[in-house]
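We call the chains A, B, C, D and E, going by the order they appear; numbering starts again at 1 in every chain.
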Amino acid sequence: MKLTRRVKEILSWYESDNPGTKANLARMLMEGRLGGTGKMIILPVDQGFEHGPARSFAMNPAAYDPHYHYQLAIDAGLNAYAAPLGPMEAAAGTFAGSLPLILKMNSANSLSTQTTGPDQAVTATVADALRLGASAIGFTIYPGSEAMYDQYEEIRELSAEAKACGLATVIWSYPRGGNLTKEGELAMDVIAYAAHMAALLGAHIIKVKLPSDHLEQAEAKKVYQKHGVKIDTLADRVRHVMESSFNGRRIVVFSGGAAKGEDAVFEDARAIRDGGGNGSIIGRNAFQRSREDALALLDRLVRIYQGKE
Amino acid sequence: MKLTRRVKEILSWYESDNPGTKANLARMLMEGRLGGTGKMIILPVDQGFEHGPARSFAMNPAAYDPHYHYQLAIDAGLNAYAAPLGPMEAAAGTFAGSLPLILKMNSANSLSTQTTGPDQAVTATVADALRLGASAIGFTIYPGSEAMYDQYEEIRELSAEAKACGLATVIWSYPRGGNLTKEGELAMDVIAYAAHMAALLGAHIIKVKLPSDHLEQAEAKKVYQKHGVKIDTLADRVRHVMESSFNGRRIVVFSGGAAKGEDAVFEDARAIRDGGGNGSIIGRNAFQRSREDALALLDRLVRIYQGKE
Amino acid sequence: MKLTRRVKEILSWYESDNPGTKANLARMLMEGRLGGTGKMIILPVDQGFEHGPARSFAMNPAAYDPHYHYQLAIDAGLNAYAAPLGPMEAAAGTFAGSLPLILKMNSANSLSTQTTGPDQAVTATVADALRLGASAIGFTIYPGSEAMYDQYEEIRELSAEAKACGLATVIWSYPRGGNLTKEGELAMDVIAYAAHMAALLGAHIIKVKLPSDHLEQAEAKKVYQKHGVKIDTLADRVRHVMESSFNGRRIVVFSGGAAKGEDAVFEDARAIRDGGGNGSIIGRNAFQRSREDALALLDRLVRIYQGKE
Amino acid sequence: MKLTRRVKEILSWYESDNPGTKANLARMLMEGRLGGTGKMIILPVDQGFEHGPARSFAMNPAAYDPHYHYQLAIDAGLNAYAAPLGPMEAAAGTFAGSLPLILKMNSANSLSTQTTGPDQAVTATVADALRLGASAIGFTIYPGSEAMYDQYEEIRELSAEAKACGLATVIWSYPRGGNLTKEGELAMDVIAYAAHMAALLGAHIIKVKLPSDHLEQAEAKKVYQKHGVKIDTLADRVRHVMESSFNGRRIVVFSGGAAKGEDAVFEDARAIRDGGGNGSIIGRNAFQRSREDALALLDRLVRIYQGKE
Amino acid sequence: MKLTRRVKEILSWYESDNPGTKANLARMLMEGRLGGTGKMIILPVDQGFEHGPARSFAMNPAAYDPHYHYQLAIDAGLNAYAAPLGPMEAAAGTFAGSLPLILKMNSANSLSTQTTGPDQAVTATVADALRLGASAIGFTIYPGSEAMYDQYEEIRELSAEAKACGLATVIWSYPRGGNLTKEGELAMDVIAYAAHMAALLGAHIIKVKLPSDHLEQAEAKKVYQKHGVKIDTLADRVRHVMESSFNGRRIVVFSGGAAKGEDAVFEDARAIRDGGGNGSIIGRNAFQRSREDALALLDRLVRIYQGKE
């Protein structure tokens, strides 16, 4: 498969990684309809852990079946599919070689009382990722939570092992817990900080939520204002996240959160594209629609990242 | 032993597992009077840990003897017998090859003060399962408990080791602790969630309690109502649990809980059958009756799963 | 599965083995049409290594396909199927749970010049046996060969590991090499010696060739004559092999060697039965016939061991 | 990447392998201009070890550069590139993700006096394969050589490790040494035997030389003649090799040996295609021509396997 | 330290190596009076193992002291110093940080009877290299010797470990033993082959002797003549060695062998320089002269590589 110039440029940023890890990054960047553009759309299906089955799938019961998501990602021409151990095992044989996989290594759930702050359980191993043919491991950190430092130490171990085996590391960085307000979880300074910490921890691909123009931390606010960091439009804010991710030397994908109207999804994508972001990680907005609607929505998303809309 | 078409179909769901694990699943599915139907009745005897000997066996003193339970399971034509290390060691030689065994790997007991919420001790190893000739390991998780994440990490390690050795994994998923109300432990949304999490963790066989029509979590309740998830009858609720277990791609068996009247047991079984569940895991309702009564009860249960009653 | 009294008796001889190994022995003894009788017919297909594909399968080309042999063993109602790593991998998924398997751990081939005497390469591991769901490992020794002591040390390691994991050990004991004459390889004293050494090495199941009435070793000959060891008929000789195998406390199966006339095969089986042997391990005489002929032959063999012919 | 029906069929033969290994087989089968057809052309460059640099590259000095071969394989649209550790390291960063790689694990060289018969040194590890992003390990065995059994034991260990990590195993099976005549190294019976042994050892992909119609072994000759095994044309002989490789359940690619005329190369490929072989592994006939000539030759080879010539 | 463009270019060839290994290569390339030019002079002192102390040092008794050599290398402005474990331990504290070190990992000695051909003992570990602050490990192979394959497997292990720890690997490749004539050890084809095999084995830096114009192997001779490989002058031959080392993608340094006249040493160096070689590894010709003479000689050598003479 001849890599495009853009993909080669992106790979050149990962200059301390071995060829195995680069090859797995290349696989994700070259797959699907956005293959070769440096843009990515990833389908993550870990809602089941987070919210339980009915809240995840009752609106589209076909999605209870793990095979459904693989097929959706393939038919929509996406770049990769992310899931926890169980559903990956339930379909990895049938779809072996059909799509790059990201094995989600830790998961939280909403039955947790989280008295010591938000945390997750590590529910898979790097050996699982290898035997299931995954290209990357995925791991969630909660910057702000009391469990944060434990999580950082967990991903340090998992990521070191993954890199030695030629796998890539994707970090979901979700500010949460501690002194953060609810509004603060999406604040510009906090999201930029979260992306930066994922990069500092050695992530190859970073996933954050789209930031608002709120500034949460007083010290940070002063700096943003003094130096006129531009954060007015969503595209500006995406640009600042990319800047915060080693000046664009790390792939960053953005999630849109809860299911919402199509237009909002498209507007987000255009801002991500215009701000220089690498793409979307879009779960509920895909699998909580009917397959037909999801394919239509993903088709338009692809076209937006292709610059056609 | 020629596998039936139904058993082959069930095995096909476990597409990432090695032939050894599939063979052990087949052994359980082909054993006893329900062998080949895809239905299962499992006899679990781990009450001793949970409630102590007298509360477990004083009403049927023959049951103090570990040999009693093996013989009961064999004579009743059940699919498998589950027990902790000690009683398995006390009878596994005599009954070697007579019945598929599930070695229960962790256990709680009622002397525990559980100040940090419900938990269990891991009391056996995968090497024990191999030397005792078990077909599977069994493990209890308490979704909701503060110990939940630790338990998820324990089963991750045990299950990975078991799968590599060709053993199957059975997860007992019992919501308990945290913010759950007593009623919530059996709530429809919570039981479906518990089954789903066991599947996400990589269980081959899932054991949950039969759910009530109560809905515990406010967010979930909205979804059930909005999307009209059918949970009126027990069969409906079983169907929803199966749906929540990878749309039926995982074996789910249901427990009836405390000893109760025969008719209630039969009614439960008919609902499990009609809702597409795989069967019953029936402990106290079997061994806390006299052997004669237990055999009669189990005979009728078998007949119900055979569709004869 | 209720074990028969006879199978329980046989299991009682293996009194130092753990329940896992006993369960695997029980599986082989309870399988198929001879299940429960204490008699066994095993289908071994390792001819490919020994003689190459055409000499093994050209007379029945369907047998080039590894699936063929599994199906033949199942349809004929045999007790177990033995094969090397590759063909076991090529069919173990499809037939998982359908038949007890013996993973052949070492193999010789006829391209070998064997300048240092007959030997074999170890081509599989105990971990392979577990992941493929085998009930036993199989290993060939060449008593008499210069490689003999190395082989004994190899099986010591493999067998110890297998027993700890609950697997059984089958030893093919073929006198060969050293000072043995061609006639001596089948001599009564030598075959009895070979069976005895397999027992001494810790085999659960011993496989030897049917002995002739030749006596090879001068010292042994004196003893046989002085003490009137009865070796006139084939049944007498089988009886002496059983006696040499811990007085019948070890399962011994006999091979018939190259493909030959049906009547000779039946005559051998009657002698094995009448002499108290446990059964036949029959490869070329099964798979080098057409499937139809093989099924007919195996049906009569089964009937002979059932005492019906 | 949507797999073709044919590739899915081929993957189904590897029923005991984990999804990781299947995915790597799929990568090789889906790559390049033959991607999806079930046919393969592999470029192996291990001549340097075997014959030294000048004999390998002096006729096309551009080929001294390891990058040359990667680029040739990519530009010709081949399925995979095979090389030893050093040249793979020298180019795996630049071409990460551009082409499936097979890390050649052992190598012989012509300075060896081979007083104990042909052998090879193991010069790479499975960890190297992972860090370099290889899809498979490659290993040469010399059936017939005195080192044969040692080699079988080496590949057993390497292959078990590779399979657990989701890598595929390619075995180069070259009869050589012992009592084999020079003519015998290419004899029909010997090549079929060599392919069969690679399959027995657990190879996913087998590489043998194209056989002549010579029959080397007296015992085999009788069988071929008696059963009328058809070996008249090269296509017949390829068909018999496929039959000997688990009745076509294993991928087999054929090498053409020393550089030769184009027409001979094309004739070989047509016979491989018509006999049901999976393709060619073509080294010297590719890189010992000028790049232009090599691309022209490979283009026609591709077209032959596409059935266009 | 700003690396020169030339050093950056050289580092780019090591594209699969981690930054640690690249940094150690850079240290050696940037050290001393040739620092930054891409040329190197290395002082190796392993004569003591090879020839004993008096034959090594009696002509310049100051050289019995390990400190002498460090100081000589530093004062002469060389790139690196290579020695076995003992002498490195005897001076590494005093000179820590003063000079890049290459820990020689294996050594032969002249008391050996070498009945199975030339071999060496491995006398140090990668852990030693790390604790002593070495930049690289050094290892000798004897292509042609019966011990060759064992040596290749030793360096495979040591090199993999060294690379993982960020160390570089230097291979001394000395054809010797087997069927090689004494003249053949320096033959053009054999030296090119030796350099090529070191590259194939994954060496970062290759050390060979300067080749003569003799061609040893009949098959190679034909190729050299047919394709007109230019080997008339020493510079031509150096150029062919570089070509054989991945077309110049590997650093190659040349040794001059036994102590000889100054003019011969300078002539060699000019040929190495003109043929594109990377430099000299010069032991006896340095330390078997008085310090004053050695410094004068090394000064002129440096000037030759600087293109000033």
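Throughout what follows, a residue touches a chain if its C-beta (ideal position, glycine included) is under 8 Å from a C-beta of that chain, and two chains touch if they have at least 3 such contacts.
This structure is a prediction, so every number in the text was calculated from the model and none was measured.
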Partner chains shared by chain B and chain D (touch criterion as defined above): A, C
Quick one: which chains contact chain A and chain E both? D
Chain centroid nearest the full-protein CA centroid: D
Using C-alpha centroids, which chain lies at the maximum separation from chain E? B
Which one, B-D, C-D or A-E, has the same contacts as A-B for more than half of its contact pairs? C-D
Taking each chain's centre as the mean of its CA atoms, which one is farthest from the centre of chain D? B
Distance between the centres, which are taken as Cα means, of chain C and chain B, whole angstrom: 39
Chain-centre distance (mean CA atoms) for chain A and chain C, in whole Å, is 57
Roughly how far is chain B from chain E, centre to centre by C-alpha average, rounded to an integer in Å? 67
Residues of chain D that touch two or more other chains sit at 15-16, 18-19, 92-93, 127, 131-132
If we use the touch criterion from the header, which chain pairs count as touching? A-B, A-D, A-E, B-C, B-D, C-D, D-E
Note which residues of chain C are touching chain B in the complex, please. 1-3, 7, 11, 18-27, 29-31, 74, 92-93, 96-99, 127, 130-134, 164-166
So in the complex, the part of chain B that touches chain A is made up of which residues? 13-17, 143-144, 146, 148-150, 152-153, 156-157, 160, 175, 177-180, 189-190, 192-193, 195-197, 199-203, 217, 219-220, 223-224, 226-227, 229, 240, 243-244, 246-247, 249-250
For the complex, which residues does chain D have touching chain E? 48-49, 51-55, 58-59, 61, 64-66, 84-94, 107, 109-113, 115, 119-125, 127-128, 131-132
For the complex, which residues does chain D have touching chain B? 15-16, 18-19
